[in-house]
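What follows is a structure written as structure tokens; I'll ask about it next.
Letters A, B, C and D name the chains as they come in the text, with residue numbers starting at 1 for each one.
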Amino acid sequence: MSEVAESFPVGHPLAGFEDQIDQLRECGRLFHSRGWSVGTSSNYSVVIPGDSVELIVTASGKDKGRLKRGDFVRLDQEGCPTQADQLKSSAETMLHVVLAAEPVSAGSILHTHSVWGTLLSDHFYDQGGFEIEGFEMLKGLEGTATHETEHWVPIFDNTQDIPSLAREVQAMIESQPEKISHGFLIRKHGLYTWGRDVFASRRHIEVYEFLFECVGRKLGL
Amino acid sequence: MSEVAESFPVGHPLAGFEDQIDQLRECGRLFHSRGWSVGTSSNYSVVIPGDSVELIVTASGKDKGRLKRGDFVRLDQEGCPTQADQLKSSAETMLHVVLAAEPVSAGSILHTHSVWGTLLSDHFYDQGGFEIEGFEMLKGLEGTATHETEHWVPIFDNTQDIPSLAREVQAMIESQPEKISHGFLIRKHGLYTWGRDVFASRRHIEVYEFLFECVGRKLGL
Amino acid sequence: MSEVAESFPVGHPLAGFEDQIDQLRECGRLFHSRGWSVGTSSNYSVVIPGDSVELIVTASGKDKGRLKRGDFVRLDQEGCPTQADQLKSSAETMLHVVLAAEPVSAGSILHTHSVWGTLLSDHFYDQGGFEIEGFEMLKGLEGTATHETEHWVPIFDNTQDIPSLAREVQAMIESQPEKISHGFLIRKHGLYTWGRDVFASRRHIEVYEFLFECVGRKLGL
Amino acid sequence: MSEVAESFPVGHPLAGFEDQIDQLRECGRLFHSRGWSVGTSSNYSVVIPGDSVELIVTASGKDKGRLKRGDFVRLDQEGCPTQADQLKSSAETMLHVVLAAEPVSAGSILHTHSVWGTLLSDHFYDQGGFEIEGFEMLKGLEGTATHETEHWVPIFDNTQDIPSLAREVQAMIESQPEKISHGFLIRKHGLYTWGRDVFASRRHIEVYEFLFECVGRKLGL
């Protein structure tokens, strides 16, 4: 950070989470510079562990390349603000909430919009997803010990009915967890991935984007 | 800004508009780094509301990646300098003036030259424009609530007769506003877009450029 | 510059030219970040006007993204060092010397190696060059008032015999100046362009690279 | 470096090598920003000359765009830590060890994962490698005096059995040194190159990546 960012006062819903927020801001700077989070698109979150899951997530409509500490909101497990007087969060927050509650053990969820991801999500939509196989880079996905891996990227249809999409995602995680192990695409929309913490989910974004570009360029070779 | 920029003295035509100018300078750094404003191309403006519209616009021939506070001029609703002894503005300024006066409510107008925009403006010229449809990123265009949108990008022929081009643009805004809602391309030249303020017009540039790259790469897939 | 660079002591061959050198260093940072001057490729120069032409040019083998003030040499109109104990300059310096002496009035000469320029220099080699026509960006080439321009980019065969190549370039400038007005390509090698000063030659690099990418991508569309 | 990095205390296995480590960290920042070392992929090393070769190499699982001084380990000529209590190094370290011991005189070994390198390593795998010929950029490979060079890039199959891969590389260096003069690719994995020092190996990475993009884009032209 070039500026000195102030900590939140005691009692503020974001107080005590300045480090995690700064990690998400740094994701924003990186992903914006890569062209994966332009036009105020994308949403990033960290999960606060506890008896009842809570999330800190980007507020709606912010430029992801220039996030300020205050550009975040704290939500409960229903996706509602934990305190009043917070900024509005995007409707898509429900996807973060579902992923935080699912057995995928997400400690951080990152959603981006890249050109290659968008193109592949359309190109392979009719077959429900696509396989990525044999790349060393796959080892960057947590728990993958060899490149001799067949990794499936599922694609969901886009919709503005987020609760319905969240149920679809949830259903696949529960019934076919091997098909949705680290992330998924939404058609002509973008990527969702997650990890134990921001370091892991950010690594997953980089791994997926690298592989999407490889697959996309190979289609054009 | 890494350097400390000085404010303009009282009576200077740009005095009091340092913040808006700095926002345009930041657009310049971003767009230049993206390759959308190279070779001293592009023009950026903010509209000063009032009884009679006035604009602050980039002076002619400046490197957009390194704009200084003084690299701007203030123009009246005829496109003439509000005071003498200002830098020369580009002939294209008349397009900014027309857009500031039209009912599109432009508070800021941004004109860029990207490779993908240039290629599409040529590829689709014969059909007068092209449709962008079904992308989530379309929601970044002000007032667009769903991806289930058919967005038309009109293409005008390039000309050095800017007053004539300005009349064509004006005529389409008045007769077919739904076909020119957020921006337009000029053939083998570049993009014009606008928004309520610099934040919104900059977002529109990012949204259009993302979509142009998607459309362009898909043509090559 | 983030570091404070020291001025040269009196009597040093580069003393008094710190500003021009810093402009070339900034070109290096920009061109390296764009991928146009990687692998220690490229050469940049400024011409010192006077009774007999002299040049300040990058020394051989330097990383163009991290040029230091001392990474330059001063040469006379034969391409020989004006004083002993200077760094070695590259053999290609003779092309700079010829361009400085020719009636093209070069105040600064920039030579870069980009992927698109390299590809086009090979693709169009058999026809001796290629035409760029109808792009607004052409107006960034000094003295070009309209996009309705047919701009020829000549391509010379690559050789390690630089004096011979320099004579070929010289011959074209003298016999067909309209075919080599602002720059040329060397096959599978790179671009030479020039301008009144570093600002103009740097603009020409950006203009050419933009147009090369447009032409190259259109071939693939 | 924007932060002030502390030197290692006397007796620390990395003490005295802060400069070389900082050079590798700068490689990491550059290669990450280029997209050649994303997702915590890649490994970089410097060789410490002496009676018995030792290496300083990146620790496993670090983000290459944000390497800290402590993110390195010191290994002996068997690839074992020179002292206990160091971070874990990646299995691929054995390739660095082999290259440090071979007559290729590596003073620094750099391994990256780029999109173009990955695509070419797959496209040309069946023929065992590919020729790069006639590019001026080839002169950036140490000891190459002319573009009239046929440079062979060998491709090895990917495997998680690194000692076996290391023996294959070693065998080619010994039996066909002209075919593996400056680097090699591993299929769907990445590039290894080396040089006298970090400056030279970094230049080789830039040269190879430039040439890979040229070859890859030409296949698509």
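Here is the rule we go by: a contact is a pair of C-beta atoms (placed from the backbone, for glycine too) under 8 Å apart; a residue touches a chain by one contact, two chains touch by 3 or more.
Remember, it's a predicted structure, so these values are computed and weren't measured experimentally.
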Euclidean distance of C-alpha centroids - subunit A vs subunit B, Å: 32
Computed distance of Cα centres, subunit D from subunit B, in Å: 45
Sequence positions of subunit C contacting 2 or more other chains: 220
Graph class of chain-chain contacts, one of line, ring, star, complete, other: ring
In contact (per the touch rule at the top): chain pairs: A-B, A-D, B-C, C-D
Residue numbers on subunit B that touch subunit A, as the complex places them: 34, 134-137, 140, 145-148, 199, 203-204, 206-207, 209-210, 213-214, 217-218, 220-221
Touch list for subunit D against partner subunit A, complex: 35, 38-41, 63, 113, 115, 118-119, 122-123, 158, 160, 186, 188-190, 216, 219-220
